[in-house]
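Just below sit the structures, each encoded as structure tokens.
One chain, chain A, links the two complexes that follow: it is found with chain B in the first and with chain C in the second.
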Partner chain A sequence: MKDDLFFNLDHGYAEGLCRGFKSGILKASDYHNLVQCETLEDLRLHLQSTDYGNFLANEASPLTVNVIDDRLREKLVQEFQHLRNVSYQPLSTFLDYITYAYMIDNIVLLITGTLHQRAIGDLLPRCHPLGSFEQLGAITVADTPAQLYTAVLVDTPLAPYFIDCISEHDLDELNVEIIRSTLYKAYLEDFYNFCKTLGGITAEVMCEILAFEADRRAFMITINSFDTGLTQDERAKLYPTCGHLNPDGLQELRRTDSYDGVRDVAARYPQYKVLFEGSGTNTGDKTIEDKFFEYEVKLNMNAFLRQFHFGIFYAYLKLKEQENRNIIWIAECIAQKHRTRIDNYIPIF
Partner chain B sequence: MSTSYLSKGAVSAGVGLLLYVGLTYMLTNYGFRFDVGWFLLSISPYQWALIGIALAVSLSVLGAALGIFATGVSILGGGVKAPRIRTKNLISIIMCEAVAIYGLIMGIVISGSISSYSTTKIEDLALKYRAGYKLFGAGLSVGLCNLFCGICVGLVGSGAALADAQNSSLFVRILIIEIFASAIGLFGLIVSILQSNGSNMSD
Partner chain C sequence: MDSLCEQIDKLTIDYLEEFGHLLACKQLLDDTIKQGYFNLSRARVIMGVNNLSRLQYSEKDPMIASTKISITLTPFNIEKQIDKEHYDDTLKWFGLLSPTILKQSQKSFQQTIDLALETCIRQKKILQLKNQIEQLLKEKKTFLIKENFDENKKDN
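The block that comes next holds the complex of A and B.
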């Protein structure tokens, strides 16, 4: 009851604003119009009549997909920053937790870029703005994870996630991906526990979404590691434990070494069995990643059916990102004049 | 419920002390000293009546306040992207305000029945005590009813504002729910008037 009664005291305005933003997410009729466009200029025209308005108005005439991508991301970041600015505790901590995922992505991007001898000036603009923090530019000076931690990350909010990654091995290609997965696992479990301590409706909604995210990571890590040199034990250390698969499913996944084995593990869990059944590796089928995206969209949409919780902020960000991916997919199909798979976006509403 | 060890300890200590005191009185034949009747008679009827007024007004205002902030903030938030909802949804705020007005009315009605008396006859004193209890009951019933009515109207109003921002046909339907919610405040008012009727304290 304390959820309902006093939620609006601190967070009512942010909730109302977020629901307002959500009503601007493109509907099926908007996608129908976008798919009919012949050129990117048509796309710009159709986007003007939606909630996006004139966000592409100042761009030079030969529009490219990269420019559209940048502007879409900029708009999303603006909206999220505004929500963060008007929020109070504990909503502000919750929104900060959401940004840690982007910080992890930025760190890995910079390390990989440095390994390939790219200049820091080229890499920094490619970082996601939601994940920026002050010491971001200093990452390139580190050679080993231990240096990275003591020099840069110990003052950031990501410090507790790094405990498992500190080692004296050099930062190389494979190692960086393992660092990303380990950081993400620690972050996801921390976020899950934070939502659990918040309790109430937020815990119910967010723990469902985060459990699916954890299981999806476990499946994708397993599937993607079949042809690499990753051993089963190393793989098992990367599985997040806050999902439905923990502990039996994770043990089973550790032992599988084929796609069919993964499918058998998923068959034990009704919600994942359906997803794996609908997908396949033939060219006409949807891939399992698409099915995961669809399921994620469904969970995020269900978050909006309840009032007085923080899940709508997370769900709004994820749905907007999915919408951006859809628009870029359609724009790419238009730009390359390859319209056969233009309908393969994930519909949201 | 997640109560800490400190609060659990404090509650059990209190209960234990009460048990100890009660058993001591009972077993040492001093049970007559625990006299509820004496306690009630030693509180003057003025005290009961005036606390009744305080409860009537303060609890009603608390309910209205909880309702108004719940709805008002949602109207503000939803009105940023959907400005058309701003004026229509003020109806929810008015319904919450009505709850506070009920409390005000009852406060005035109850205080109209209070006047000083100077009898010492037992039969007349009994009537004064009766009046005091009736006015306390009236104030308590209207206060509590309006508290929950205000909360209810406010939370439903918040949902109405946000739903209206998404789809304007929903507003009138949710308004019907609010009308039912505000009827329960009216019940409190009616019962309270019936209670405070005929409770005259003058000689």
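The block that comes next holds the complex of A and C.
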């Protein structure tokens, strides 16, 4: 009851804004129009009649997919930052938590870019704006994870996540991947606990979504690690523990060595069994990543069915990201003139 | 004369068959390259456009070819050498845990090398067959001219 009575005092405006933004998400008819475009210029024209408006108006032709991706991201960042600016506690902490994931992505982008001798001027503009923090530019001076921590991350919100990663080994591909996954695992578990302490409907909605995210990470890390140098034990340390798979499923995943093994583990959980059954590794099938995206969209849409909770802000961001992925996919198919799988986008409404 | 005609017929049939195989080979090459690029775009959408871009590889280090092909013209021979040391490096540039579809894309592009070599070999074979047929046709022509000449001489 407390949720219903007092929520709107502090968060009613933000929730109203968010629901307004949500109604601008592209519908099936919009996607139908986009799929029929022959060139990227047509795509630009069709997007003008949606909520996107003239966001591509100032771009010189010829349009490229990279430019579309940048503008889409800019628009989303503007909306999110506006929501962040009008929010009060604890919503502002919640929204800050969401940005930590992008900070982790930016750190990894900068480290790999530096490893491959890219100039910092090339890399900084490609970082995700939601994940920028003051010390971001200083990452390029670090050679080992220990230096990375003491020089850069110790003053950022990510400092507590980094404790498991500090080592004196050089930063190479294996370690960068381990750093990424360890940071993300710590972040996800922290976010999950934060949502639990918020309690009420927020906890119900967010914990469901974050548990799925944790399970998805565990599955994807396992599947993608076959035939790489990652051992089973190293892999097991990267699994987030806040999902439904903890602890039995994670134990089983640790021991699997093939895609079919992963499928067998998933078969024990009814919601994941369905996803694995509908997918395959042949060229014509939907991949398991697609099925996971679909399930995520379903969970995020369900978040909007309840009122007076923070989950809608997270759900809105994720739905917009999926929409951006859809638009980029359609744009790539148009640009490559390979329209057979152009319908592989995931419809949201 | 009959054996000459039979030979020409047989070679012509071989030529047409090989031509059919060559067209199929080229079509397969085309499809494999398209599939490779397609899977690459799919991987880009899954991983994020910035995670699969030129930021992940170095333009300053010189790139070493992992597969070298040497062609000798006489006798015609194509050899393929794989540099085992640097073979799998490229996929690691984009993150150790890259999606399966990226690995499939890499396989497609690796297959295109073999398909391109096969197309070369078939094309060379077709040119050889063409030369042989032309040779035999010339022989047949001189044979027919000689026959005609003899017949005219006999009539006269």
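In this text, the second predicted complex is superposed on the first by the 349 of 349 C-alpha atoms of A that agree within 3 Å, B and C clash if a C-alpha of one lies under 4 Å from a C-alpha of the other, contacts with A are read in each partner's own complex, and residues count from 1 in each chain.
As a convention for this text, a residue touches a chain if its C-beta (ideal position, glycine included) is under 8 Å from a C-beta of that chain, and two chains touch if they have at least 3 such contacts.
This is a predicted model, so every value here is computed, not measured.
The wider contact with chain A, measured as residues touched, comes from C rather than the other of chain B and chain C.
Of the two partner chains placed around the shared chain by superposition, neither chain B nor chain C is touched by A:Asp264. When the two structures are aligned on the shared chain, A:Glu59 is found in touch with neither chain B nor chain C. Of the two partner chains placed by the overlay, neither chain B nor chain C lies in contact with A:Glu204.
Contact with neither chain B nor chain C is seen for A:Asp190 once the two complexes are overlaid on the shared chain. Looking at the shared chain after the overlay, A:Gln307 reaches chain B, while chain C stays out of its contact range.
In the superposed model, A:Glu252 makes contact with neither chain B nor chain C. Within chain A, no residue touches chain B in one complex and chain C in the other.
Of all residues in chain A, those touching chain B in their complex are 4-5, 8-9, 12-21, 23-24, 307.
Partner chain C is touched in their complex by these residues of chain A: 65-66, 69, 105, 109, 112-113, 116-118, 122-123, 126, 128, 173-174, 176-177, 180-181, 220-221, 223-225, 228-230, 281, 283, 287, 289, 325, 328-329, 332-333, 336, 338, 341, 344. Taken in their complex, chain B has these residues touching chain A: 66, 69-70, 73-82, 151, 155, 158-159, 161-162, 165-166. The touching residues of chain C, when paired with chain A in their complex, are 34-35, 37-38, 41-42, 44-46, 48-51, 53, 55-61, 92-93, 95-101, 104.
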